[in-house]
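Some structures are shown below for you to check.
Next come two complexes, and both contain chain A; in the first it sits with chain B, in the second with chain C.
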Partner chain A sequence: MATTTVAVSPAFDARAAAKIGLLGGLGYVFTSSIGMVEGLGEKNVIDPVLSLGYTILIAIGLWAGHRGAAVGLSADRGSVGGRILAGGMAGVTGGLLASGYLIWINTFVVRDVFTSISPTLIDLLNLQQGLGTGIVVAIGAGAALGMAGAGIGLLAPLMRRALLGSFLWVLIVGFLEVVMSQILRELDLGVVLAFVIVGVAAWILMRNFADRRHVLFGGLLGALVGGVFIARAFSEVNLGLRFIPDFAYVARVGGRALTLPAAAIVFVVAFAITVLFEGRRRALRERITALEPAERQRWAYGLVAAFIGVGVFLPMILGSVLNELLSTTGLFLLMALGLNIVIGYAGLLDLGYVAFFAVGAYTMAILTSTSVRGISLELTFWEALPFVILAAVIAGILVGTPVIGMRGDYLAIVTLGFGEIARILFLSEWFTPVTGGALGVTKIPSIELGFYTVAGTDTQGILYMVLAFVAIAALISWRLYDSRIGRSWMAMREDEQVAETMGVNIVKAKLLAFVMGAILAAVGGALFAVKFGTIFPASFSIIVSITVLVVIIVGGMGSIPGVAVGALVMIGVLGGRNSPGLLREFSEFKLLIYGAILLYMMLKRPEGLLPSKQRSRELHQAEALQDVWLRGEIEEEEEA
Partner chain B sequence: MSLLKLPQRAGFRFSFVDSFLWAVRIGALVFIVVGIFGTPGIPGGPVGSLAKTLSGEGVSGEAWRGLVVTGLAQGSMYGMIALGYSMVYGVLGFINFAHGEVFMSGALVSFFVADSFGSSGFWDSQPVLALGLTMLVAMTTSTIVAVLTERIAYRPLRGAPRLIPLITSIGMSFFLQYTFRGLFGGGFKAFPQAPEALQGRATIFGVEILKTQLAVIVVAAVSMVVLYQFVSRTRMGRAMRAIAEDREIAALMGVNVNRVISLTFAVGGAMAGIAGVLWALLFRQVYFLTGFLPGIKAFTAAVVGGIGNMAGAYLGGLSLGLVESIGPLLVLDGWGIPAVSQLKDVVAFSALVLVLIYRPTGLLGERLAVEERG
Partner chain C sequence: MALLETIQVHKEFGGVNAISALDFHIEEGEIVSVIGPNGAGKTTFFNLITGMQPPDSGEIVFEGENIVGLTPDVLTRRGIARTFQNVRLFANMTVLENVMVAQHCRTRKGAFSAIFATAAFRREEEEIRERAADVLSFFGTRLIGYRFDQPAFMLSYANRRRLEIARAMGTQPRLLLLDEPTAGMNPRETRELTGLIGRIRDEKGITVVVIEHEMKVVRDVSDRVVVLDHGVQIAEGTYEEVTSDEGVIEAYLGRPAGRNE
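Entry: the complex of A and B
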């Protein structure tokens, strides 16, 4: 209805703009009432001026203005003034709703029911003044932000990107405080030299031997080994960069924050880079799109080689905090790669995936630990690993067989039931002689590599182990994608009956998917057991299954780079279960955000951030068909 | 010629999956029968707990009757929640995972009303009115949550591939849980004790039962009858059934599909809201995760009873309540498994798996759990 008004006349569609404003106002009420504004109010982004809580409110205001202007006036007809006005109008509407809320929380004591509406929150929203100031600010800031948001929409695309991008960089640098400080303080000459050597070697090899893969990879391997030696040789020479974090961050109550001058520098640098390198970026993109498929393939190999190089040296410079974070991310990535086979490739929605993770962890723990009563096999990690895989295969078949005939949603609930059954059994008194009940299994030994012992507390060593297994899992997934069984999975995912008619053995395909997924999860569980040295049933709740599901959905079901991106974004940034991510301030709202992201992705971008091409084509097939139909290319002969 | 090949492939299917399923069926049957009756002829074998009771040892007959009533009360609530799953599944064909949270929202919000009634004395002086008002608030809350959920999250996804609304509802479930935690805090809320009129025990047919449990069973049964009448007698109910039958044809016949789907969510929400108050009365504590396990159990109940079938949902709920209340003692205890009451969720989920293996349509089912052909 609103769109027709806009299309017919250039008149200002006040109702549409006001509606967006109301949505913005609801955002204000929601984030305040659930405690987000207050919870994040302590964390300063830029030291004295801007806290994270306010940043969220400001972002809501800007969004409302931007959308309000876009909805209130059609893009090609509205004048500059009109659009600003529309944005302001949306902002004021939101501000009015916000003031109503402010009056409500200032007049009544609602804390007995709404626990998050505390005096601190009220002070924050009133800017520490009275209700009057609060209302004036809510409406005034609403109008200003609305207009600013509309203004951003009017900027040239390059300027808009530079502006928003630079601000994002300020936020990122502010958040990466722990990481940046540690890296810069400890950065040594050896790693830098190693990076340079491997980088130069990779460049030369790519240029000259791109079509001779064995020379390319052999040379790279040599360079990597050389790099490791150099890195070790010069590891004592500190580069003395500690003055940078000392200048950039100050300690505050809610954690260290970026100082104003440092924030300004980051902003200006990021802005300048975006604007100055725009031409280059565009040229590069054009060059990439112009590449021949074969050549592109070659560069893809180069990229993989570069990733391996980075993977080898990165754990050396990241420091314990980030290593720990990345190993957690890696463990989830391992599970996600497994679940990606089950859901992404084969289309079987398994919600009890954590059961396989638990089976792997418990098998490893029981076989290797010295603390289990009755059983004292005390195998090493490598001796136990085949049994872990065997247990995973059995578990995969046990769970997979009863559900073969069931369709999607039943499968989901039954697997969820299996997951809960596994957790309760591991916890129960019945299994306590073996699993230790709620106390779990302790004293899980380190991994012996022959020349080196990876203890659970050795973050760097664990990260290397995790990365190695992730690499193997990625290789397996990648090889499976185009294999015969991979294609049967995808055929089955799209239409089981058609696949069966085409000769796909559904039983075999489904069981194999379950078994492959189970193996990857179990290996992840085994590493998890070693990493923590102790496992409890509480570590294997349904939340783990959901987290892994969120990872593959955000990344893009069926796509390996997508799953990797999903793991980095979700686990690395937001944090997994019991492990804070980079944005540790958000830990409390992690599951809320998971839920919101799931909703958003399903409604707006079901194919994920980095989708597999085929999958996204399938998801948008209906739209594509509609377009074709509208163009009149499909006749009525098509049967339903 | 392909026709000639088909039987061979079908033969492979029998040889593995079917034999596995038959092994599960027979194994489960033997496990259950031996668990209940023991192995009377063989000395040293398992002795069923029922046999122990009959021979005068073990659990008393009184305790068994108590377990049955507890199971029925629990099952009545499962049945009421299961209705929401079943009706939504009937009209939209997907599992609304967030329905457990609809139930939780009613229970949690009704706490504040009940709490203020409890402290003002209204709770004890006018028990019927107070309970009625509390239920009204819970029903309203749950209905609003259910309808908003449908409007925001599910309506844009009509006609999307089947897994997409399912995953959306998982997201919605988490979003609602943590929204409620943010709004009302994460701690347990202690629901006031039932009004004095409902405290203590009553004797019915020679069995002493807790009055609260009796109230739960009665309220649930009455709501079920009212709802059944609504769906089978009224115009809107007929529209609902028409949509469940075939949405497109119903739309062609002049049924306002969006409105009826909203109504379905509203009715399911209202039932979940009543169940929420009953749950809070019986267990006397609610918090933001209260809805999770009952939600899954209720879905299980809907499947056990036959999804899409309203009487089935109620029957499934009662059976599931009974199974998980009596099952651990009846079957597992016979095998000498320690602390069987810890395993009631295992029994419930195993029941789900077994029902789907033995009888995929559920007890009164109309729809198939296995992929429909065609």
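Entry: the complex of A and C
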């Protein structure tokens, strides 16, 4: 018996393919049951034809087909027909599971337990027809998507990348509706002129005065100030680009969506760019790696100058919603830069970081507010700021001293406790006369700049303030990294005992790391207090510490650009605890996505999105060693 | 006056005497080898001198001052540096950075001058870099050039040992403690290192204590040899004196058969 079955060699490993199909089917069941498909069903990606909910289901189907074909076939048996068949097999299996699910939710009323499985969802999955259609569509679409997914796997790598990349761009442009509409509508001659003038000035200065720093920086500053005046002078002249968003987006119930022609244009352009610039991208990367260190540094300075330019002129045209969003991102970035010093540089896992944020916010609030009953100092922002920093230094030493001898898990748990202690202290009866207990402190005044008053409600002004402090924090982090202090932190992170025998005073180094981190967080807290005008103990819960930690893990520990990218992705795009991000449609599923991203990063890219060189070395020692070996640099001991 | 002297030093771990009643001394400019079977207390001896572990009793006198109770970083500043038996480099920092860290206690610019990148700070950074490169050039061409920017874990075993010595020398010590510097090296590398230990004393004027198992190295470098067994000093003298000492032979090989008193 056994011998006859062996003779019929299958075209592919049906079991493996089916397993992937089942995974895909589970994805269908899961996203439907938690309400994602329905919740995102109203939001259209491309106006009449494709909703975000369906996009997710289609993506699952394509993924199952692609993986199913890859897993179902060993490399040597990869015939075209076999691949397509394997993909289809995976798709059908997933479709069958989906049908089972459909029958279940159509037959029984499960809403009492699964609150998200609503009649709307059932209609959506049945394509507004009956159960029969739903089943046919689930299996049919499963098969078609599976085969299509397998087909994508057969394409040349460039084509595949261009295809998927272009579709991704359509999605991105769709999601960036708020940003695109806002910028294109508001874009005025002043900002464009200013940006061009500053850019040209920066270019000329860099070329001619690269080694005369005073001329360089003075010139740049002058250009920026001039730029600001020009931007203000011509701010009334709109460039009239309003027609672009009017053409590209259309208002719908679930939010504005990309129109079909606009989607087609984006797709074609992205596709063309990917295909045409394929070779150039690689050439560019090679040119960058081949640059002399001095030359590379000059480019890095140019990049920093560009960022400063964007920071100065962008808030002028972003409008209040986006300015608000960026301010929140900036506040988290400020905290993340501070925590990056504590964890990323010095390797001290501090989970109670929010305590310093709270200390900064409360110090600022109590010293400046007009509503504190016990004391009424009513200082200005600038008078209170030194006290905020002083309070941060004291808090840093208070938290740091008892944990000098601790590392790793123990340190994490103790600092976690400190974070909670801080919140409860501010809430306590004992401090209520000054902190207001659960009612918090209200009436925190605006920031006086002399020529201008930044009120908490002035989103543009607050954004400028936040950006200025972020720039200072980034400068501090960058300077410390490449200094005697930074090296002693890194040595301590690598091996505390050895660092001590090499002359590093561990107590001082640890306290300094805590204090530097505390100062940045406290300044963030002070700005937070001004921005909202009112603070409550509830704003300083443990989840803030965790969010900041997630930001630096996702971005890349120890790397300043990494932390910035992490803050943009996690806070700017996904949204913070109480603030919506760009993807406001997803805000309901924010924590789910947080978890998924964290899991993915831990498994696939533990060093973060933009890691520091050192951190990626640490996590990829084996690969680095292999590379060196292949290049023949461990030539070693044979030379006499 | 001896550069370093231990007076009746005791150290006990859970009832086992790691070091007992040790009287050790080393003069300025000497090279002394400490040998003994495994578990004789050699590494503990180094840990006591460098302040990584406190002695239970006794005095350790460095440059005429009792240093018991001082922390490792203070002792490094005073001029005591060491390497480790199981190489303990800052693996993810570059070769140059490893030696730059070692100058921490010889430099003084803090966070403020770093943040404002003052002229004095930049001058000091430049000095640190130059001195590190200078120390590394002591090892010939092995640790310079493109190696400067290589992370330490990429180095071969022998180069890691060399870098560890370079890092210790980076602290600008007066007394250098080398814990089995030739362990795991092949004969040619061992010969080279033997010469290097001599050069450290002759060219840099650093006094050296070496823990070593390789007897050829002990013979070639030592002015004097101290033998420890079970935490007790059982012999002291020149290489020839020590190697012909019956107590030493007994400690290494056990008593000859039939002489069990």
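One rule holds for everything that comes next: the second predicted complex is superposed on the first by the 588 of 640 C-alpha atoms of A that agree within 3 Å, B and C clash if a C-alpha of one lies under 4 Å from a C-alpha of the other, contacts with A are read in each partner's own complex, and residues count from 1 in each chain.
Simple rule for what comes next: contacts are C-beta pairs under 8 Å (C-beta built on N, C-alpha and C of every residue); 3 or more make two chains touch, one makes a residue touch a chain.
This one's a predicted model, so the numbers in the text were calculated from it and none came from an experiment.
Of the two partner chains placed by the overlay, only chain C lies in contact with A:480; chain B stays clear of it.
By the touch criterion defined above, A:504 reaches chain C but does not reach chain B.
Ranking chain B and chain C by residues of chain A touched puts B first.
By the touch criterion stated above, A:592 is placed in contact with chain B alone, chain C being left untouched.
In the superposed model, A:428 lies in contact with chain B only, and not with chain C. In the superposed model, A:512 makes contact with chain C only, not with chain B.
In the overlay built on the shared chain, the residue A:495 is in contact with chain C alone; chain B does not reach it. Chain A residues 497, 505 lie at the interface with chain B in one structure and with chain C in the other. Of all the residues in chain C, the ones that touch chain A in their complex are 50, 52, 71-73, 76-77, 81-82, 84, 88, 90-93, 97, 100-107, 109-111, 114-117, 121, 124-125, 128, 146, 150-151, 153-154, 156, 158, 167, 170-171, 186, 188-189.
Within the complex formed with chain A, the chain B residues making contact are 9, 12-13, 16-17, 20-21, 24, 94-95, 112, 153, 156-157, 159-168, 170-179, 181-185, 296, 299-300, 303, 337-339, 342-343, 345-346, 349-350, 352-353, 356-357, 360, 369-373. Listing the residues of chain A that touch chain B in their complex gives 30, 33-36, 113-116, 347, 349, 351, 401-402, 404-410, 412-414, 416-418, 420-421, 424-425, 427-430, 496-497, 505, 507, 546, 549, 553, 589, 591-592, 594-599, 602-603, 606, 619, 622.
Note for the complex: chain A touches chain C at residues 475-476, 479-480, 483-488, 490-491, 494-495, 497-506, 512, 516, 614, 617-618, 621, 624-625, 628, 633-634, 636-637, 640.
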